[in-house]
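These notes open a run of structures that come right after.
Common to both upcoming complexes is chain A, partnered first by chain B, then by chain C.
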Partner chain A sequence: MNPLELTLGIMTAVGGFVDISELVFAAKAGSTFGYALIWAFALATIGIIVFSEMSGRVAAVAHQPVFSLMRHRLGLKLGLVTLAASMIANLITCAAELGGVALILNYMTGAPYLLMAVLMALVMVVSIWILPFEWIERIYGLLGLFMLVFAAALIAIHPPWHQIAAGFVPHIPAGLSTKEMLKFGYFVVAITSAVMFPYEVYFYSSGGIEEGWGIKDILTNRVTAILGMGLGSTLAIAILASSAQLFGAANVDPVIPGSAALEAAIPFGKWGLVVALLGMLFAVAGAAVETCLANAYSIAQFFGWIWGRHKKPWEAPRFTLTWITLFALALAIVVTGVDVMTLVEFAILFSILVLPLTYLPLLLLAGDKKYMGKHVNGPLAKILGWLYFAIITAAALAAIPLYILTSGGNS
Partner chain B sequence: MRGKPLLLALFVAGCSKGPDADLQYIGEARSAAAEWALVNDQAAQGRLSGAYVTSMHKWLRDDLQTSLSSLTERNSVYGAEIQALLLQPDDAAPEALRAHAARLKQIEDSLESA
Partner chain C sequence: MTPDSPIKLVSELLDLPLYDSEQKYCGVVDDVELKGGPGKDLELVALLAGPGAYKTRLPGWAMWLVGKIAGDRVTRIPMEKVRSIDTVVNLECPGRDLGLHRTEIAAGNWIPRWGAL
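Coming up: the complex of A and B.
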């Protein structure tokens, strides 16, 4: 297996896990509850591995991306509802990522935020237009690996490893007031949503088809899903743990993405800061590209248009027009001046509501012997698939009440 | 029947006013002050770039301003504390900023336990 084949998983994971929402949520979770929410990241990571592997396997065996299945399995009406909800969630997420990229460039250069947003939207549109799919993955995925500085920073600050290890065991910290308990619950739901963002699966399965995956790629798919998502999760947990150590004690609840960069600057100084900001830039830009393409994939697949970046832009005109329009809409949202973190909160909320509808058809198809033959879900995939479907459904039901009761985890 | 307490709680959460409603913004201002101190601390040791420091100062000030304007009781002890914080220069001494953060934390804790 060529190591470069892993770049789809790395881009999906680095852009999916360590996007703008994780940069803030992981840091905030660490500063507020110490290491107690590590298990929520770990639990959701297993969930996204299970569903990514399933979507990649379906792409390799049945050559069907998620949204084609959605239409067949849910029917036109419910399929349309899911498409509309996913589109809104993905568009808000894309706007949040684009705003995040502009913010990071503002931290790096001091250049005006809105100017950077416009410039980066153009850069991303041009990069998607001219680069083959493999190079989009490689550039955003591999350069996002600068984020590894956060893992190095955690090691450098000598954290209490036994407490970090204890954080992997699901628990609720003792002695929380009702208010704190609700806030903890909101964080669990938000982390589940942020880790299992639906666009990751849309992008990953469509990417598998872009790369022409077949049955011979089932092992690549499995390794990519486990290593890619595992890497993303490790980075998110490193950000959480550093935050617990550095920000918790200093009474800082990080609410802006730039705070996370301090985690690398404190142990490594200026070069740590620069590497962290570069990693954040490529990871968040990768997430912006992912969300935009995922949205365009979904729409094109649902309506049966010709789609894919393996084709020249003019060979798939409606698909091309869709992703360009989506970038323009995301930019329009950012230019209104709406706060990036408000966008992140809405993206998380919308995404969790869409999650059950996204994963149910996938679960049904991956378990259907007629489509999947001998590559149908085995007992482990079946148990984990339905268990996680129950978890995300419960999280979706709890999301809005918890959001209101905790003011989005801020009170 | 079970839905009623939840609906009531949601209604109350949306309507509260006074120090209780301001608690969130006091916490946000406390955090911004503490982070400002951390940034200035690291900057004084030459561990941060100039562009990053300038940018962080701008966003933290924006956050503080938002917290102040979101208060339902601006003419309060905590309102005055946030206003005093906003009067600090960008390169204020970390100790001075930490003192503001500590006072806001004290107010936050006393309101939470009340």
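Coming up: the complex of A and C.
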């Protein structure tokens, strides 16, 4: 295990953890329910760690990405259903991230939102074209570390640490009306979806193959998944906790994605705001690139095309044409003028519906000795894997009724 | 070999990734070609790759869509060109000798060859 590589990997995972949906739901959860939803972030973070570690291990041992194996394991028809569902979820998520980036640039420069969306889509396409995989992952991830300002901001406002600690214990706040209870339930589902977005696992597993992981990288994979995603999640929790203290107490509803940046502006002034906006810009831009590539990986792997950005764009031409087309489609969605918050809500909803389909084949593969040999799921991975599969299945079943009953958490 | 062995072989073989003798990824086993019939031995004679091979395994609407987008090209890989079958299928020769990279090469003509690090 190379310490420098490992540190870079962890830092990249930390910087790349938060995306537009987490920004939105962390801020809204804090202002609406105080510290009571911290446990939902913590619980979902353990889930994404479990499945990311599993997908990285499958990539390192079987040298096969999730979608290749999914088709073999689920069969062509069910595999195609999973591919279609995850494509829709990832495309909407990509559009939400692209819209988020354009919005943040609009806050920072005052330039028109749609112009910024077109410009950033071009910047991202050019960056994927020019840079090899490792650079793409590192540059966006490391620049996303500006997000650490949210952790510093939380410390600076002297929050009630005992209340934050109590928030880690799963509970439902006392005295909620039925309507508030439903809204709380919707937030739990939305946070689970935002933290466990399916694209994260597709990207992580394919990234492992892009970087040529082998058996020797199993420990690196485990440490990166646990520390990188665990520490990344603390940033989302910091946003929630600051929102609880600053917005919740003042009865402010952070309805626009940029509201979270004010959490850094209050203790640190103008420069806090600038650093927070930069962190959000790079973290969300990174997520846009990841969702687009994850979608292209899935399609290419399913149909058996040459794929990967460790190859030159012309060495994997169908893969290249796919990610360019997907960026164009995401931009087309943004250009229709649909509200970023609406896109975030649809991304959350579609993703949670896809999650069980995404994670079931992964669980089966990581537990299959034929593929994994002695690196097959141990008792802990097995128990946690099936427990989280039950949790995401319950969340998927509850998602649509809760979305309708609470008007997407807005009523 | 028990009566259900060939069926198990096919079900485990379908949709496996294909790697050529240069360890290059060449696609997926989309279908298989069997020889024989009722009362005769059933023999696996070739693996098939390409949209023309898998589209018949899809529901009607998807078959039509795949045909329109990807065409109906099939590449036949005789079993004597298969070196081993485990979690992937390894071939005896380079994929290009079997015509497995034709579509990638054709698509590559659409992509400019500059600018990438």
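Going forward, the second predicted complex is superposed on the first by the 394 of 411 C-alpha atoms of A that agree within 3 Å, B and C clash if a C-alpha of one lies under 4 Å from a C-alpha of the other, contacts with A are read in each partner's own complex, and residues count from 1 in each chain.
As a convention for this text, contacts are C-beta pairs under 8 Å (C-beta built on N, C-alpha and C of every residue); 3 or more make two chains touch, one makes a residue touch a chain.
Bear in mind the structure is a predicted one, so any value in this text is a computation, not a measurement.
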{"item": "Fit or clash - chain C, chain B, common chain A", "value": "fit"}
{"item": "Chain B versus chain C as contact partner of A:Ile256, first or second or both or neither", "value": "first"}
{"item": "Touched partner set for A:Arg71, first chain B, second chain C, both or neither", "value": "second"}
{"item": "Which superposed partner A:Thr320 touches (first chain B, second chain C, both, neither)", "value": "second"}
{"item": "Chain B versus chain C as contact partner of A:Trp129, first or second or both or neither", "value": "second"}
{"item": "First, second, both or neither for A:Gly207, with chain B first and chain C second", "value": "neither"}
{"item": "Which of chain B and chain C A:Gly34 touches, first, second, both or neither", "value": "neither"}
{"item": "Partner chain in contact with A:Gly185 - chain B first, chain C second, else both or neither", "value": "neither"}
{"item": "First (chain B), second (chain C), both or neither touched by A:Ser407", "value": "first"}
{"item": "Lowest inter-chain C-alpha distance for chain C and chain B in the superposed arrangement, angstrom", "value": "31"}
{"item": "Residues of chain A touching chain B in the complex", "value": "103, 106-110, 247, 250-256, 258-259, 261-262, 265-266, 269-270, 273-274, 277, 401, 404-405, 407, 410-411"}
{"item": "Contact footprint of chain C on chain A as seen in their complex", "value": "62, 64, 68, 71-72, 75-77, 79-80, 129-132, 135, 303-307, 312-318, 320-321, 370-371"}
{"item": "Complex contacts: residues of chain C adjacent to chain A", "value": "14-18, 24-28, 30, 49, 51, 54, 57-59, 62, 70, 86-88, 101, 103-104, 107-108, 110-113, 115-117"}
{"item": "Contact footprint of chain A on chain B as seen in their complex", "value": "6, 9-10, 13-14, 23-24, 27-28, 30-32, 34-35, 37-39, 42, 46-52, 54-56, 59-60, 63, 101, 105"}
